[in-house]
Amino acid sequence: MSETMKRWQLPSFGLKNLELAEAPLPTLASNEVLVRVAAVSLNYRDKLVVEGELLPDRPTMPFVPVSDMAGEVAATGADVSRFKVGDRVLGNFWTQWIDGEPPRGMARHGLSLGGPLPGALAEFVTLHEGVAVKAPASLTDEEASTLPVAALTAWSALIETGRLKAGQTVLVQGTGGVALFGLQFAQAFGARVIVTSRSAEKLERAKALGAFGVIDTRAKPDWSASALDLTDGHGIDHVLELVGGDNISRSAAALASGGRIAQIGFMKGSEIVLSAVPMMLKRAIIQGISVGHRRAFEDMNRAIDEHGIKPVIDKVYAFEDVRAAFDHLERGPFGKVVVRFKSEVGS
Amino acid sequence: MSETMKRWQLPSFGLKNLELAEAPLPTLASNEVLVRVAAVSLNYRDKLVVEGELLPDRPTMPFVPVSDMAGEVAATGADVSRFKVGDRVLGNFWTQWIDGEPPRGMARHGLSLGGPLPGALAEFVTLHEGVAVKAPASLTDEEASTLPVAALTAWSALIETGRLKAGQTVLVQGTGGVALFGLQFAQAFGARVIVTSRSAEKLERAKALGAFGVIDTRAKPDWSASALDLTDGHGIDHVLELVGGDNISRSAAALASGGRIAQIGFMKGSEIVLSAVPMMLKRAIIQGISVGHRRAFEDMNRAIDEHGIKPVIDKVYAFEDVRAAFDHLERGPFGKVVVRFKSEVGS
Amino acid sequence: MSETMKRWQLPSFGLKNLELAEAPLPTLASNEVLVRVAAVSLNYRDKLVVEGELLPDRPTMPFVPVSDMAGEVAATGADVSRFKVGDRVLGNFWTQWIDGEPPRGMARHGLSLGGPLPGALAEFVTLHEGVAVKAPASLTDEEASTLPVAALTAWSALIETGRLKAGQTVLVQGTGGVALFGLQFAQAFGARVIVTSRSAEKLERAKALGAFGVIDTRAKPDWSASALDLTDGHGIDHVLELVGGDNISRSAAALASGGRIAQIGFMKGSEIVLSAVPMMLKRAIIQGISVGHRRAFEDMNRAIDEHGIKPVIDKVYAFEDVRAAFDHLERGPFGKVVVRFKSEVGS
Amino acid sequence: MSETMKRWQLPSFGLKNLELAEAPLPTLASNEVLVRVAAVSLNYRDKLVVEGELLPDRPTMPFVPVSDMAGEVAATGADVSRFKVGDRVLGNFWTQWIDGEPPRGMARHGLSLGGPLPGALAEFVTLHEGVAVKAPASLTDEEASTLPVAALTAWSALIETGRLKAGQTVLVQGTGGVALFGLQFAQAFGARVIVTSRSAEKLERAKALGAFGVIDTRAKPDWSASALDLTDGHGIDHVLELVGGDNISRSAAALASGGRIAQIGFMKGSEIVLSAVPMMLKRAIIQGISVGHRRAFEDMNRAIDEHGIKPVIDKVYAFEDVRAAFDHLERGPFGKVVVRFKSEVGS
């Protein structure tokens, strides 16, 4: 192992400032693993962090962004017992959240990977062994790198908190990473999925992935009626709310009795607006989702192996082309955007 | 038993049209019990029904309003096995909802007592035996009459769906029936309760009932900061949202991580407006509540007996003074308003 | 519709007394549906009922046995709203159990189809509309007839009470109806299944159905070590205990931490014997299972449609050959034994 | 702080070998707190550890026994953030179990305080900050020292896994620490409690603590009939099984439909023996309990403060009289046996 490594870092916020630099290998504490990063995937959150729009407190600069990565354990601290050299691992976004309830205060001062904690856009990173989880054996490194934020968010919404049952109907908004993981998990668990999008072409691709129904929201901006039609008036059991703004009022209108809305995204605005009376009559639940805990992550990885779920990757970029990858993110990918570190690593 | 009875009926909507009339005793089907009503309690819903503001389809007129009653079984149909003459019973508001999930379609076409189904403002009513539950032995008829809507709503919010734990903090808004039942249940289960009100005098009475903290929202319209202060910054675990409008944004701001808002009332407006990001970071839940099922009703009644909980009755009116009772309701009672049918019945 | 029908009836207990008879059509109450039976499936319980070994109180004779049936609604009572003529329906074994907790006393005086209530071995039966559920559209009548007892038992054990998660490991004992439904449900939900049997040939058939592992308990009577080996020492998350006697001590030894044993069958003896200390250290759960409620039945039927699960039928007998079907049951079928009523009905 | 401290240690197993010794203060790691122990309480497990009957692998000798302690933080490591000097703390028995599911392998190689990890019979101990929890403010040190094993076991059985509801009936066996905590928690949550014992005098004391019913099992060895009588035939909702052997078959016979047995103790034998059929008809649950996780511990402490629950201490011994305290344990105390370290500490 050489003494230095390459990494993408921000001397100050702004995508234009993102620079490729040489840096010393991180030092390894006794309870940490050193991970040789094979691939990272980008989330919209990374974009906000890079642009300086998310973190309330400025992290130490230069800052290495990006939350998601997959890699191989290259070395282990003296007290590490959960992993050994050669294991393929991912990092759990909320580093303090193991199972059940997170530590008090995590909502305000959460120590999450990729901001405020350093991210994974580097050849090597260190992780407390308690933060790492095994990558699913059935996935390539590139595929596995897409899981920590987007997949775990969809899993937490539908499975861990939503307790999705076979035969239910799920609606996902758009065709980004969380939406498509929601589609895949729901289908694997025997649910029918409806996808909304403003792009007819993306809806075709969603159908090819097995969507039970699709709604073109450019053609039908008041899409809740279409959703009710597609379910014979019964309504949707689980909505992944990924649009935000007044869109959630349509999600509520499309809901079945006892249905749930997982509040995840807010592209169109961060104010939730909806009517109280139908919510009460339907005994509807709106639940805020914030990625998930390590136990759910491990549950999800087993399910991915068992069901043979393959993450949908829109495009893989080379390590040098990180800026192009961020640009792709901005245009709205179909599934995930990945950056591969070395040609010989991964699939 | 005489062949006729007195009842209050609406030949057409409007409180001013409410008239005392003589009517034949209701006929008893084989699976029904005939109940001699001892007391009824009023809910704001009854007011809306009487004024013609609630039921989408006009019921058969003359219509007998009021959902809540306590009475004694005076006769039983041939197939009745759950009750015998002399049992003290209450009626379950949602007549079709026994346990678990309600029948599909209940949200839109629910058969609830006091509209669209006939109500209890009559000396005798019939109930399908599956709709009746035993009154708690430790309560008088007047006290028991307050339970079906207000108490079961608070119970469903905090216990049945909210799974309240001892040591948590609950906030109830105002001092109406649901709020005070919420206060009493929460305290009996080992939770601390904060009460908000625009009336300093009512807050004093809430303190006398054991409230851990009170917030005068006339003095502090942005009351969420006070709620955070009262909980050392931790926030509220369960909010009973009884005000509505933009008040729920303050409820959300006052919430602890993993906290829940039970959406119940909407005095100030039926639009829910709040911010998505704190909801997500706190993994907050908003759940619409609509009274509850029979099994929860029976659970609650056992708990009331066991904990010795006594409903807070603001005033008891005589059968003849029903209109005055409705006027009291309009003024905002402290707890419940009850109408007693006969002086010799009940306590 | 003719005025009479054929049925198999018991003038007194004993399979040899089972006789084919002509009987009047049952009369239809206002809340009942009349069902033209298309197929029934046999459960071991039917055998015990026929032999007079199960029902504590002798039912009215002649008695029509058999719990499971699938058929078509031929007529509806005046008050029926859940079904219409032509609907394909099944009957819920525990007629009083809709959702959540069953009525108190059901354990002692349960009104179950096929004893003490009349069964389905007749061309027509009546069902209270609340007892009927829609048959899955994707199944033939013969397939659908296998669901009410065996499939719902497996579903209640694994899904409704067991909350099976993808990636877990399930062990089912033997290859009867409950075991194979357990295998199919678990696989559809992303679990790995291990099957035990004393027959190498049946284990081959289980493998063909997708079993992850098989254990020949004739070769390895102390099979728990094999189960631990097959799970890399982790153990089994859910055991369907279908053998009974001291076999459950092996089930407990094979269990993972936090694992569950669903107590369902007791071919080898009805005494449960096992060690307390490993149960405590593993925080193991043993739960008695007794078929299930109507809401779970409806959930299951949606899941069967959605996942395309096809019940495993060992053999279909003609209506005239009911006694041969009971004999087959005695020999231990691979999956279910079905009796078809008319050649033109069903598939 | 002096450089040395006193501690009771075992150079080899056997109560007679327990010796008072001078030892250096433990060194403090960066994530640990140094705790000045104020009081310990004894559990029967400590007795087994001291006698060498419990730990499969011999710990390093001399070994300091005893799992339960309450004390004050005397110093904190550099990285400690959860506690500060002066905080009153307790230690969580299962040091690796924070919330939800414990780490895989804990059942076989669990790192529990008081064996295999060093125990608390020393003037100072160190705890990883993640293992410590705040003592309830409303308890003295002596009272607080009784919580970690006995109270958390009862809490895990009834509240965390049992989800006890007000109005239910609980049966506890005997009057040891777990039984009396079970009594107190259940009563605080609105349940009625029945206590069994072979001592009429202890049953009187249980009545004085509020027991709803008592059963003298010396007079009525087949006590399940008495339990059914006391519940009008309904049966027990939660049994804390603390006796073991064939006693659990009586627990099962006394159970209500849907009831639970928490398997905790096995004084009379470690083989569980009971009948399958009633378990199935009642849909009974037997769950092995093994103390509990830190989050439940913290929940419990809040509940203790909120409900004002005071642990029942049979006798407090001085630090010098540890052997007498162990002898008392052998005789079957009423509640807990405590050892106080200094006269000036605690209440």
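Going in written order, the chains are labelled A, B, C and D, and every chain counts its residues from 1.
By our rule, a contact is a pair of C-beta atoms (placed from the backbone, for glycine too) under 8 Å apart; a residue touches a chain by one contact, two chains touch by 3 or more.
Since this is a predicted model, take the numbers as computed values, not measurements.
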Pair joined by the larger number of C-beta contacts - C-D, B-C: C-D
Euclidean distance of C-alpha centroids - chain B vs chain C, Å: 42
Distance from the mean Cα position of chain D to that of chain C, given in whole angstrom: 42
Chain C: positions in contact with at least two other chains: 101
Chain-level touch network, classified as line, ring, star, complete or other: complete
Contacting residues of chain D [partner chain B, same complex]: 159, 163, 165-168, 188-192, 299, 301-303, 305-307
Footprint of chain D on chain A - complex, ascending: 98-101, 293, 295
Residues of chain D touching chain C in the complex: 101-102, 104-108, 110, 234, 244, 257-258, 263-264, 266, 270-290
